[in-house]
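Data first, discussion second: the structure below is written as structure tokens.
When the chains are written out, they are named A, B, C, D and E in that same order, and each has its own residue count from 1.
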């Protein structure tokens, strides 16, 4: 049914041939085995070649961009333009002593970074890199993504709770309540898009948009335009990014929920955070900015087209990623009461309003975008009058 | 996979839930047991829906069980918190008295 | 008219929605709540008017009915049938009742717009009225005792809230509590009756009860040593006694006058109290089967007479009306008791109209009189007098109603009351028990005429007794929301609307059968004709032509008597008509002589019969009896007794006793241990006594949640075990 | 109704295994490579140089719970809305959009009224409830 | 094949975590075990083809209920004056309560087991899904359609339930207003 890696590959003859020949050789149906191998390889590639570098380069980019914005130079010693800085950091992390504070809840202390990592990395399974090279287009795609990423909230809470440190605990409590609060406007904004496209699977969500901006959901109607910003603000808060980085506010909480984490565990928390930002940006790109759609549907059925789609996807996502960092170094941190006010008194009502608006739009205009209503008014008048 | 393994797992979960409810004196722990029991019943519904009936009503039932469980957890925990504010304890045997003098 | 969801349900749902909406917006806009409430009740009046015209004008058949049902819930499984249907049953009686309820309620709403205008809780009042009206309509539409009981209780709640409407007054709070508690006594017994019926025939549908009666289901069934029909009939009648304020539960109604006057008019005069009589009429076949009709007649007669005597000495305008309400309800119950089915129902309707009008007029009078010192309204008749010139329109309306209630020929009260008394006399000729009922009723009629005219004379005639109050009373002018409802209601006090012979049995007669519509259409149901009976599901369509109409479900209006009995009945009616007129005239004459001519002063009579007067002023010491004897001496003592039992006997002997016993046992065991046996036996014994029995008992009584869990799960396990073996 | 193979959940499991592997691997890496010479002061929880007093696990303000509570209600709401919303389009195409719209609107209205209640009563205010607490 | 693997993994996780919930005497760890149990049950849902329900399980239980429970534990866990610090409270039960629990469980196990045996006796347990066991139908659309048509009343009533829970719990959990009022 849904697209994804294996259905995409089964469109090729060599793949079917391989299945046939190995089945004949091993005398059982090797589809599952082969797909397991392919998935495993692809997942490893994705994790080690995309996500980890993104986490690492994220830190580099963060420093470099902040340096730009503050008219500094930033890291410039390790490698050309300091680009290998993240490797140096990584090695340093490994070599750091792993300290467990006195009185800490050891089991939970070890569990928290694992949960954060699992919660974030599980989302990658449905991340729509391109129409073929996505691991799998589940029929509950975006819902699965949101559901799985709720593990991060628990991880943050546990990370704050476990080390028996007051800073951590404050950060953890704040973080958990912030993450769960901002999940609501995010989910409701996503609901509006699901309503317009009529499915939760990413291939439906992305497939009902087009390559050029006028066919993006961002410009579909005024409500989705608003929904994008609601989603984006909510996503910033969910990833504990500035200006919503209260859980790790340096000036008041030292370092928030990962105050007591050192070495690899700290690295995992940081990696999870950066990857989560990436995933949320990717979802924003897929839901609102046309995802992997290439303008003009260039080379759609050709294998090379997949690379173009990858390009489109990464371009959009990384631009959003840049915006996230830009926001961090531009806006001051907000207060905790403002945080809750923004979520419950602004974003959630607006998101609900958007959802209702989209439902009405769907009902009144048969889900046509505002552009098509304006420029294809003749067609609209003929089939309108619902 | 047949129906039997699911029913057995569900039964084990249910019984574990009962043991938790019986053995713990902490109200929150008792609520954990209740969640286990609810999960067991929801699992049963889905299993029956898959193996016995050819419709999806079992899924809907599970969905509503989960909804009700969430509501139950919210209200139950709110009561626990209130109880703690009054009695400074969440020992279930503290809940014997109706007035707040003891 | 099509009878579908869309035409029947709005009658009930519109006021209910007005209540729901109103309760939300009443804090925002009182006026809007009022408007919604009034408009909704008016619309449902239009609907019921359509139903009325359908039943009375177009069909004109005593067998015409609508019965629709829907399944409320169904818990049936294999072997166990448990399904509850609710439904709508409209026959001629319900149609007339509906028109009366919605019509009177509309007019009272209109009147309330004026009456409550300067009240702080203006909107809230209308919200309560809406809830009440919807419940009353629901009660009339109900096809079974269960939903009737539900609406019955909602009305009880509304009555409670409206009596205590000015709950800042201590007396109002007490009165509302009293009303609630007193009616509750009747309601509990009523519920027992419902349960008894349900237990036997498995349904509480009127029609099913009728057919069960016809099929002899009730025969041979005994409850507590008396036959089931008697038991159930008595229990249901107890509901009537509570709701319709019959002896001995009449004490709440006079106190209920603490509520605003329009609510007294609607609830405590026209509709809710009449609902009890309506219930008795619906369950008449059961009561007849149970053989408790003589008892009912006597209760009715006693109430009619007793309340009338108390009314003689009341000085509060509304109190007179309250006692007259009790008295008139007594007549209706008397009518039920003597089998004057349509007369009792007719009296219900006529009384509702003229008593609503009387109350509204009283409200109009009270509202225009102020005590400029306390800024309260004046209700005492000794401070009124001579208001005829100041309030001419109110006077007109009130006079018409007074003539009606006093039983003056050509007015509606005469027609209905005379029929009840005529039937009572006829029954008295055959059964001596009914003489009590008839004589009490007839005497009560005279007293009614006297005290009503006394009230009129004291209020409107003579010289003003309190110049100050009189001076401050503005002369009334015609207002749409003050006088129009009064005048409209007073028009319907003319007997011609209800009978072709408003001046008595055939003395002056108009037209043919159609003019006797009340007599022809409102007739007793005959149970045996309900055995072949069908009902229809309530839906969006009306499929009535598929229903098999029963040949004749209701008794013919001529009672099916032979010629001799017919003659006797006719004679009885003539005699009682003449007697009524004579008695009423005597009453009016005495009142005239006493209060207009002042031929003999009331003070002298009071001083002559001081003891009797004191009894009357103290309402036969009924309140005293209830509060001092039943509650203080009885219930409180009983409570104390129970508490003492709990503390003194149960705690001391059962619980502490156990401990004592175990302690003694332990001592004995200890003794044995020291002097006779070895340790094992003693320890074992002590363990059994102290740990198992003692702790076990304590465990049972303490609220250990987990112990309940254990019991719960074990019972569950037991049932699952049973299921698995079955 | 489209049919899918259970294998679509394979990547999820693989990713979980991979992540757990990465975390455990990192852990063992640091076990082998990192120095182990923790002292008493090194392992005390960080409090800017002060020695910590008491345990960190103290009671928290109830407002965290209220936030969680409102969250879970809306979470459940969104869970119920997801399938409904995803068939909204097909309902609309079938011409039964009005029905779906009304049902969805009723559902949301009821919940929004709950939120309005909480808003009105000040449960959404972070600071106000705090002030009230202080007054006590 | 994968179905079997997933089933055994999930079943093991579910039961092991369930037993952990019973055995572990630290409330926080018990809660973690419950989390594992929920995840295991979600996996079982996946093996039953109920992928939407599995995600719901994740979203509501893992993302909602567990967090709420953690909050509740933090809010009630210990008395600040006692300085106990960990959650090894006596309230986690003792041997006597455990015995009672085990007895009840045993009785229950026997009765449920009897029913299950009876069911398996008539061949119910061996019943497998009508089609290829590893193929499933997508359920989301059907659930959505049913929620909008057949089960619309339950759908709407659940919103009323949630409203009630929201208001009720908010009132209960609201910090106490000063008593002078």
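Everything below uses one rule, namely that contacts are C-beta pairs under 8 Å (C-beta built on N, C-alpha and C of every residue); 3 or more make two chains touch, one makes a residue touch a chain.
This one's a predicted model, so the numbers in the text were calculated from it and none came from an experiment.
J.: Common contacts of subunit A and subunit B?
T.: Correct list: D, E.
J.: Starting at subunit C, what is the smallest number of hops through touching chains needed to reach subunit D?
T.: When the steps are counted carefully, the minimum from subunit C to subunit D is 2.
J.: So which has more C-beta pairs touching, B-D or A-D?
T.: A-D
J.: Among all chains, whose Cα centre is located farthest from the one for subunit B?
T.: It is C whose centre lies farthest from that of subunit B.
J.: Farthest from subunit E in C-alpha centre terms, which chain would that be?
T.: Following the centroid criterion, the farthest chain would be C.
J.: Rounded to a whole Å, what is the gap between the Cα centroids of subunit A and subunit C?
T.: The answer is 69 Å.
J.: In whole angstrom, what separates the CA-based centres of subunit B and subunit E?
T.: 6
J.: If you average the Cα atoms of subunit C and of subunit E to get two centres, how far apart are those centres in Å?
T.: Comparing mean C-alpha positions, subunit E is 52 Å from subunit C.
J.: Approximately how many whole Å separate the CA-defined centres of subunit B and subunit C?
T.: 47
J.: List, in ascending order, every residue of subunit E touching at least 2 other chains.
T.: 2-3, 47, 49, 51-52, 56, 59-60, 63-65, 67-68, 71-72, 74-76, 85-86, 97, 100, 104, 108, 112, 138, 140, 142-143, 147, 158, 162, 165-166, 169-170, 173, 176
J.: Which positions in subunit C are in touch with at least two other chains?
T.: Residues 706, 709-710, 713.
J.: Give me the residue numbers in subunit A that touch at least two other chains, ranges are fine.
T.: Within subunit A, residues 1, 32, 36, 103, 138-140, 143, 161, 164, 173, 176-177, 180, 183, 200 contact more than one other chain.
J.: Name the touching chain pairs, would you?
T.: A-D, A-E, B-C, B-D, B-E, C-E, D-E
J.: Please output the residues of subunit B touching subunit D within their complex, sorted ascending.
T.: 63, 66-67, 70-71, 73-74, 77-78, 81, 85
J.: So in the complex, the part of subunit E that touches subunit C is made up of which residues?
T.: The contact residues of subunit E facing subunit C are 97, 100, 104, 107-108, 110-112, 114-115, 118.
J.: What residues of subunit B sit close enough to touch subunit E in their complex?
T.: Residues in contact with subunit E: 1-9, 11-16, 18-26, 28-29, 31-33, 35-36, 39, 42-43, 46-47, 49-52, 54, 56-57, 59-60, 62-64, 66-75, 77-82, 84-85, 88-92.
J.: Over in the complex, which subunit D residues touch subunit A? Could you list them?
T.: Going by the criterion above, the answer is residues 2-4, 7-8, 10-12, 14-16, 18-20, 22-23, 26-27, 29-31, 33-38, 40, 42-48, 52, 55-57, 60, 64, 67-68, 70-71, 74-75, 78, 81-82, 85-90, 92, 97-98, 101, 104-105, 108, 112, 115, 119, 124-127.
J.: For the complex, which residues does subunit E have touching subunit D?
T.: Touching subunit D: residues 2-3, 5-6, 9, 46-47, 49, 51-52, 56, 59-60, 63-65, 67-68, 71-72, 74-78, 80, 83-86, 134-138, 140-145, 147-148, 152, 155-156, 158-160, 162-163, 165-167, 169-170, 173-178 of subunit E.
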